[in-house]
Each structure stands twice: as C-alpha cells, then as structure tokens.
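You will see subunit A twice below: alongside subunit B first, and alongside subunit C after that.
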Partner chain A sequence: MRDVLYLAWRYLAHHRIKTAILVTSIALIVYLPIGLNVLIGKSADELTARAVSTPVLVGAKGSPLELVLNSLYFESATPALTRHAEVDRIAETDLALPIPLYVRFKSRGHPIVGTTLDYLDFRGLEIAAGRRPAVLGECVLGSRVAESLGVGPGGSVISSPESVFDIAGTYPLKMKVVGVLAPSYSQDDLAIFVDLKTAWVIEGVIHGHQDLAAPEAASQVLDRDGDTITANASVVQYNEITPENIDSFHLHGDFSDYPISAVIAVPGDQKSGVILMGRYEGDDATAQIVKPKKTIDELLDTVVTVQGFVVAALGLVALATVATAFLVFMLSLRLRRREIDTMTKIGGSRARVAAVLCSEIVAVLLAGGLLALGLTLATGRFGEAAIRAFLVG
Partner chain B sequence: MIEISDLLFRYPEGTFSLRVPAFSVAEGERIAVIGPSGSGKTTLLNLIAGIATPLEGRVTTDGEELTALGEADRRDFRVQRIGLVFQEFELLEYLGVMDNMLLPYRVNDVLRLDGEARERARRVAERVGLADKLDRNVDKLSQGERQRVALCRALCTEPAVVLADEPTGNLDPANKGIVLELLLESVAATGSTLVAVTHDHDLLPSFDRVVDFKQFYEPETA
Partner chain C sequence: MRRVTWTVLVLLTLGCDSDREAAPPERSAAPTGSRALSVYVVNEPLRYFAERIGGGEVEVALPVPAGVDPAYWSPDPETIVAYQNADLILLNGAGYAKWVDLVSLPRARLVDTSAAFRDRYLPLDEGPVHTHGPEGEHSHTGYAFTTWLDPTLALEQARAIADALAEARPARADAFRAAFAELESDLTELDQLQAAAWDRLGDAPVVFSHPVYQYLERRYQLDGRSVHWEPGEAPSEEMWSELEVLLAEHPAGWMIWEDEPLDGTRARLEALGVRSLVYRPRASASDGDLVDGLRADLAAFESG
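Entry: the complex of A and B
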C-alpha cells in the first residue's frame, strides 16, 4: 500500500498545477453551497439579533423595510420623514418609552444619528473615553468612527453637505467631540451620535446668527415690524456652536412639527406593546408602526428563496464540474495508456496499477474535501466578523 | 533457458501468423533477432515474457512453462525473472532515476523493496554511470541517459532473461555503441540470457548468435 501511495503522490506532485486546479475546483464546488448556507445563516443571525432587540418602530407611511434599515442599520435612503409630534403621541399613551431618531446627515460617510441619551441606554452603549453629549453642538463617536477618523474627545467633526450643488441646502456644522463609545460590534460603532436638536441645527431649522438688535447690525436690517426683523443675506450665520454664541441659537415654529426619521418605541410590557400596535394599525393616514423582526424575517424569506435558486444553480455547476473532472480523468487515462502498459508489461498487477490510479483520484477528492472543510470552518469562524464588517462598513 | 516448440500465434485482427516450429536460447547466451518490420520480432519477445500467449505450442522460459500459467502467475514470473528494455525507454516521467529503476518493486508484491534491493539498484546505476543522477527526474536526462535508466530498471532485479526491443533504436550513433556495450557487459556480469531485437546490422558482431526472423513470418492470406 505504501508503494501505491508513493507512486500516486509522485504523480500528483509532479503535475502540481493540474492537481491544484482539480483540488480547487472540487473544493469550491463543495464549499460554495455549504459556505453560502453558513454565511446566510450568520447574516440572518446578525440581522435578526438587532431587529429582535428593537421592539417597535414608528415612522411615516412608506416602505417598512426602508424604515427598518435606516433606523436599525443606518443604511438605505432616508425614509419618508415624520414629525416630532409622534414622540409626544407615544409618550402621552404611557405605553412605551419613545426614542426619536433622525438619521439623515453624514460626516465623511459616517451617519450622524440625532437622538436622545435614552438611545445610548437602550442599546447599552458605554462611554470608553470622555463623556456623553450635554450641550448643543456636542457629539460622541462610535468606536470605529473614532478609529478611522483619528479623532477623540477634544477634537471635532464636520457634517457633510447633502449636495455640493445645493447652495440653499444644509451648511456644514462643526461639532465638538466629547466622547468615544466602547466597541459594541454593531452598527453603532460606525455612527456619530448627537442630540436631536444638534441634528436640527445641521438641517438649519435651529440656527444661530449675529444679533440683529445690536446697533452694529443696523446696516443688515431691511425691515422691522415689532419682534419680526427682516435682514439681508450678509447676516453672519454660525457654523460652530461655542459658549459665546450658543445663546443666539433659536428655533422658529412649533417644536412638534420638526422632522425626525423614526421613533423607537420601547413598551413597558408585552400588553402595552400590543395596545400601542393596535392604536397605530387603525386607520392612521400618516404614520406606520412596524415590528422590525417581522420586516427582517420577510427580507430573509426573500433571501432564502434567492439562496435556493443560487444553490440550484451551483448544483448544476457542480454537475458540470464533476462531468469535466471525469472527462479530464478519462483523457488523462488515455494519455497515460503507455505508462499503464509499461507497468503491466514489466509485471505490475492490474489491481496494483488500478490502486495507483484510484489513490490519485481519492487523494484529489480528499484534498478538495479538506480544503472545502477548511473554508467552511473559516467561514463559520470569521464569517460573523466579515458580515459585521460588511453590515457596519 | 528459452524453449519454443510448435508455436502458432495470431493477433485477433488476423493480420499475420507467427509459426515457430522450434527455437531455443541457451543460458547466458546473447542473441540478436533481426528481420523485416512486422515479422513478429516484438511478438516473440512478448511470448517469451508471457505478455502474449500463443494459440498453439509451448513457451518455456527459465524452466517455467509460461503457456501453462495463468495471467497473474505470468506477471509474477515476469517481474521476478524477466528484464525488459524498450525502444522508447518507457520511463515514468514523474519519477526520478532511482524510482524508475525500482518501479518493478513497487508494482508487484512478489518483489520486496528493501535496503538490499536499493543497494543493488545503486550498484547497477554505478556500472552504467548514473550514480550521481539517482535523484534527478528522468525528464531532465538526455536520450542516452534515459536508455541507461531503462537498462538499469531491467537489470536491477537480477533477471534470468533480459529482453531488449530495439534498445538502441532511438539513440544517436555515439550512444548506440555505449548503450549496447553496457547492455552486453551488464548481462555478462549478472549471467543473464539476452534476446535483443535490432535493425542495426553494425551491432550484430557483438552478439553470440543472430537469428533472422523472416523464416517464421507468414502473411495472412485468407
């Protein structure tokens, strides 16, 4: 047996490129459906975990998936906006704790999440360095944002304009970094958290500018009508909130009309959650209430259906690969006819010659299987981190 | 040593018949077999080695009546007592010199690959000037060197009979002489009987006897 294995090994080692191609083909065809299954399973776990931990979401009527992806993963386009009045509406029911979210702006590609301190508590986010935001214009960074931007407490980040061509749009706001969150290995690691009012400052609905009542602003005033002052465009708008100018920041209009993207409702108990769902699931013309888990499950159902097609396609590819491998083997046998004849002529037994050839096939299949197993184990071991990086990054 | 009597051989395709009423080679004799292409010289070697079996008659090699043995027994006999040298060397490209020489030991269990066998192979390689190339892959060798490896493979089991089919047919004139000389010397050293098929009439004087095979050849007329 040792001689058989030796001859088989020498043949495979001599034709190492052909062997490597065969082993890789077999490994991939075995690994792809299994690895895909493992990877999708891990993705599903990863997506579901965050959805499960978020009981109920309230937002404007529209795509529930967009609302969930934006609110939970800070991905996807900004959903249809709702009003801050929804927060008050939920609060007034006493059925759930409302946590507003305004996920619309970004800073160097990282989402800026306007919310309240309740969000940090709800997600169990700990401060690793510095402190929580306390004043308008302050922010805390997710761990990976701090790492990628190289910014910590005492530094600053600037919001990005929504469109460089929109001169009437939002102006960049320089925000002071007061803290960095400990890693949570979730989407929160890649977000910048500000107070909801700071998000509105970025939008411009809360703003600060030079005092128009001061004598030195007289040249910029176009009209005075009681408390209403109309000024020209040369009025200085503040794009950084400092102790000196913070008092000049003010809002116009009704606070409850201000925009938010969603409200996370955290019911006190299951019954409260059911009642809250009932109140929204009536004939509400403007708002929708969704259970993120249900939405994500629907998404995963679609993914699983697609996976089925992919696996079926891979099955066909596998058949083609097996057929090709068989053809390669048969052609190889033909090419090795003289070699086989030589072994037989010098006295090699048929069984021994067949054993050498079979050993080569078994070795290739075994190596392919082991490689596939290794890849599958690696997917199991590192797949979660890769998915997390994919989802977070 | 080799006795053939009343032999009739015909290929299944029926293109020709080989009739050998009587043919013998004495122990230690070195004979050359000549004859036109297709006259059955290679077939004769195959019959003596037990690779082919006749329709009629008897073939006895080294005291063993091959026509009475089954296929497996003939293979066992062949690997132990026959050394084969082919015109196109028939070396395994993926093996080194030493591994090619030891191939008979690896393809049949009746031979035992031990230290003694390796030492014997080393001595044979030394005799033909391949001692410093034992680990080299055969695809890195010249034609002359490759035929010497084939020669070593045939000799390292110390066979009673060496059958060489055009052993110098693929070699240049310089290598022809060297390889033939090595072949004759080696069989003399081991006391083996040699039957060599050749077309090269310049080499014939080196043999003890020459047999012209056209006398046995019968074109199929049916």
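Entry: the complex of A and C
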C-alpha cells in the first residue's frame, strides 16, 4: 500500500501547480457557504447584541426602525422628538429606570449623545482617562473619537451647526473634554457623551446671556415695560460654559417640555417590563414603545427568504466547481493514458493503478477539506473581532 | 453610508436568523453590602432626617462649608464627582440648590424628597419678563423651597428618605421604619408645639426678615410680609424708611429673623413697636440639630 501512496504523492508533488489549484478550488467551495454562514451569524449577533441588551425604547409615534437605529447605533435621521415628560411618566410608574437620549447634534461628524450618567452605568462604559461629566458643558469621548480627533481630557470639541444656512439656528457650543471612555467595541466608541442638559444648551433651550437688568446691558435693551424687558439680537449668548458664566445659564419653563429623541426604559424585572409595555399599548396618541430586538428581528426576518437564493446560488457554484474538478480529473486521466499504460506494462495490476489514481483524488479532496476547515475555524475565531473592528470603523 | 447601515444592508441582502433571547439587564442600582450607605444631601434638614432614620447604616455627607447657605452654594467638580459616587443623593426639590440643574447626577440614585407634594409647592413672584432672540417673552420663576418649615411636609420628606433607604438596603428596612416612626412622633409633636406657639399671635401681622418662611406662614396661617434684611448687617436708612411704609399698612408687632439681629437693629425695631424673634430655618450644617433647635427657638418665643 505504501508504494501506491508513494506514487500518488510523487505525482501530486510533481504537478504541484495543478494540485494547488485543485485543492484551493475545493477548499473554497466547501468554505464559502459555511464561512459565509458563520460570518453572517456573527454579524447578526453583533448587530442585535445592542438590541438584545436594550430592553425597551420609548419615543414619539413614528417609524420604530428609525427610533431603534438612532437610539442604539446613533445613526439614521433623528426620529420624531418626544418630550422629557415621557421620562417622568416612566419614572412615576416605578416600573423601570428611564434613561433619556437626545441624539441629534454632531461634532465633526461624530454623534453627540445627550443622556444621563445612568447610560454609562447601563452600558457598562468605564472611564479610561479623566472623569465623568460633572457640570454643564463638559463631555466624555468614545475611545475612537478621542483617537480620531486626537483630543483627551483638558481638550475641547465644538458642536457643529445643523445647517450652514440656518443662521438663526443653534450656536456651536465649545465643550470641555473631561474624560475618555475605555474601548467597548460598540457604537459608544464613536460617540461624544454629554449630559442631557448640555444637549439642550447646544439647542439653545438652556442658555446663558448677559443680565438684562444690569447697567452694562443697557445698550441691548430695546424696551422696558415694568417687569418686561425687550432686548435686541446683540445680547451676548455664551457659546462656552466657564466657571465665570455658568451661573447665568438658565432654563425656561419646565424640563418636562424639553425635547428628547428616546427613552431607554430598564425594567426592574420582566414582569415590570410587561406591565410597562401594557401602559403604552392601546390608544397612546403621541408615544410608542418598542422592543429593539423585536424591531431588528422583524427587519431581518422580512428578508430571510433572500438567504435561500444566496444558498441556491452558492449551491450552483459548488456544483459547477465539482463538475469542473471532475472534468479536470477525467482530462487528467486521458492525458495520463501513456503513463497508465506504462504502469500496466511494468506489471501494475488494474486494481493497483486504480488505487494510485484514487489516492491522488482522495488526497486532493482531503487537503481541500482540511484547508476549508482551517478557514472556517479562523473565521469563527477571528470573525467577531474583525466584524467589531469593521463596525466601529 | 455608515458601517452599521452597510451591515444592515448586507444582512438584508443575505438574510439571517437571530434567536438570542432578550433578557432584561439588571436595573442600575446603588451597590449594597455590609458597608455603610454613602448618602449625600443638599441641606441640613435632609442630613438630620437621613442620620436619624439610617443610624449606623448610613454615612451622610453635606459638603457645604460652614456658614454658607446650601441653597445658593455651588460645588466644585471634585465635589460633584463625590455626589456622583454616592449610593443615594437626597434632593430637597422645589428648586432648592439650583446647582443640581446644572450638573450631571445619576438619576437612579437621586431622591427628590418633596416629589410627593409637588402640587403643594408655593410659587414665587415672577421675575422680570424679558425678550431676546427668537424665543419670545420669558421670565425666570420658581418655588419657595424651605419646605421643611412646615412639619407636615418635613414628615413627607423624611418618609421619602425612609423609603429610599429601605429600597437601597432591604434587609434593614424594619430598622429604618422604626427610626422613621420615632422621627414622625417628634415632628408631629413639633407641629403641635408650633401650632400652639404661633396661635399666640392670633391674626396679628408679622414681618419676616427674609422671604423664606412661606411654608411656615401657610401652615400656621400667619399674616406675614417679607423684607430682605440680613441679621448681621445694619439696615440702611432707606430700608428703615421702607419698613416704616410697610408697617403703616401692615402693623406688625414681630419681626421673625433667620438669626440673631444686631443689638442696634433690635433696639430700633422695638422703638417702632416691633419685637424680634429668631426662628432659624436651619438649612446649614452649622445651624445645629433641626428638631431640638426649632424647639429651642419656639421656647424662646414663648418665654419672650
């Protein structure tokens, strides 16, 4: 038997290019559907991981998908805005911890996430350098933001105007960077986190300006009628919050009227979550409650049939490759007719000659299979990290 | 197009299933254990209530320097970080300590002790209305915030603290409730003492040296008007003139002070027929024990 294997080995070693092509072709055709499936599975897991870890989202009536994509991945357009009263509404039920989100503004392309410190606790985000935001106008950067902007604690970032044509819109706010988050390999690495009230400062609903009752502001006052002061547009509104001017920052009206884009509700237990869902079911005219996992699953389920087409296509490719490999082997036999005749003439039986040829084919198939297995294992081992790296840039 | 969107599109194109079960994460809560709960408060009454209810189970901190009114104090970032790291942060509510609105504190650990009686807040007179920019007319208004001067409201605040401590440390809930019951008894007694003491005034008008006694006024139906006099400063002649005008239409026989007035001020008031009574709101750490202090002030009033 060793002589048979030796002859097969010598043949494959002699025709190493042809052998390599055959092994690679077979490996790829085995690996492609399996590896793709592993990769897709891991991509789906990565994508749905945040949805799974976010029990319930509450937002204004509108597209649930937009609400989920904006709140979980800080992407897509800002969904219809709701009011901070929704946070109070959830808090008053005592069923869940409400974590407000206001994802609307950006700084050099990076989303500014207005929220509370509870968000950092909820996502398990640790501070790698510096500290958490303490006062109005402070921010912490996701690890990739800090890396790409080259900014750390002590530096600053400036919010971007929403539109260059909206000259009466929001003023850019210069925010002090007080901390950088440790990498979490999620969308949080790509965001800038500020207190919700700082997001409202960016919007202008909380603002600081000169004291209009002070003598220095006399030139800005157009009219004084009792307690009513009308000022012109030259009133200086501060675009940076400093220890000197922070006391001039104030809000008008009640927090409950202020805008937010969503609320993450973290129920104490599953029963509380179900009861909370029930409170929003029915005829709520202004708010919607969604389970992010369900929304993402629905998104994926709607196209699951497409997977069948992909598998069918891969099957056809596999069939074509197998047919080609078969053809290669058959042509090879024809080309080796004289070699086979020689082996027969020098005393090789038909069975021994067939054994040599079969050994060659089995060796090629085995090598291709082993290579495919190696690639699949590598995909399983490193695919997750590669997908994470890809997702967070 | 961003990467997540791209990935969604890839998955949309290729399709996949994801059957991972959703499990609600643990609610972010104060850490528990055998160590004392770290409780940060914003004024002395809350510190007093928390210490009386929590006993040895709590370490209460009121990091306001002595002699500074906590209502108008602003902490530095390091102190705010200390607040952020506390197990519980007790707020007075009603707009007390405005710095709270301008800092980042974890909602999961905040306790607004007056939330149960928001509908009974007393609004302050409106500030100046002003207009600038596209926002239209607005003014900076608020509520009276010395809520604890009404013992029935103080009791509600103490109850909120007892509930918060019991939630943070369920194993000690019975002890907290027992301590609260004792405090409730003291506050109820204080309420009765005050009702009897203030009843001595009948319908006679009073003047308050500062506009901080609104809840006391409402609770005991006092007929009061407020001025802005500092106990440690001699009033200007203009302030005296304003007081005389006020007394002409509001003939008060008593002025209620936040602290001992200067001897000269006291004497001149008495010359105008106005006696001085010190009734400290006791918001600062340096003002001493809340209930005993208020009792002492009442005793001085009754003996005076």
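Rule of thumb we're sticking to: the second predicted complex is superposed on the first by the 285 of 393 C-alpha atoms of A that agree within 3 Å, B and C clash if a C-alpha of one lies under 4 Å from a C-alpha of the other, contacts with A are read in each partner's own complex, and residues count from 1 in each chain.
In the analysis below, contacts are C-beta pairs under 8 Å (C-beta built on N, C-alpha and C of every residue); 3 or more make two chains touch, one makes a residue touch a chain.
The structure displayed is predicted, hence computed values, not measured ones.
**Q** According to the stated criteria, A:246 is in contact with first (subunit B), second (subunit C), both, or neither; which is it?
**A** Second partner only.
**Q** Check whether A:257 is in contact with subunit B, with subunit C, with both or with neither, and answer first, second, both or neither.
**A** Touch status of A:257: no partner.
**Q** Looking at subunit A, does subunit B or subunit C touch a larger number of its residues?
**A** Partner touching more subunit A residues in the overlay: C.
**Q** First (subunit B), second (subunit C), both or neither: which does A:281 touch?
**A** A:281 contacts neither subunit B nor subunit C.
**Q** Return first, second, both or neither, reflecting whether A:187 touches subunit B, subunit C, both chains, or no partner chain.
**A** A:187: touches subunit C, not subunit B.
**Q** Jot down the residues of subunit A that show up as touching in both complexes, subunit B in one and subunit C in the other.
**A** Common to the two interfaces on subunit A: nothing.
**Q** Show me the residue ranges of subunit C that touch subunit A in the complex, using the header's touch definition.
**A** Subunit C reaches subunit A through residues 2-5, 7-8, 10-18, 20-25, 27-28, 74, 77, 80-81, 84, 101-108, 126-135, 137-140.
**Q** Can you check the complex and tell me which residues of subunit A touch subunit B?
**A** Residue list for subunit A touching subunit B: 3-4, 6-7, 10-11, 13-15, 338-339, 341-349, 352-353.
**Q** Of all residues in subunit A, which touch subunit C in the complex?
**A** Residues in contact with subunit C: 36, 40-41, 43-48, 52-53, 55, 69, 73, 75-76, 91, 96-99, 116-118, 121-122, 131-136, 138, 168, 178, 187, 195, 197, 204, 209, 212-213, 220, 227-233, 235, 237, 246-247, 249-253, 266-270, 273, 291, 293, 296-297, 299-301, 303-308, 310, 387, 390-393.
**Q** Could you pull out which subunit B residues touch subunit A in their complex?
**A** Its residues touching subunit A are 49, 51, 72, 75-80, 82, 84, 86, 90, 92-95, 99, 103-109, 113, 137, 153.
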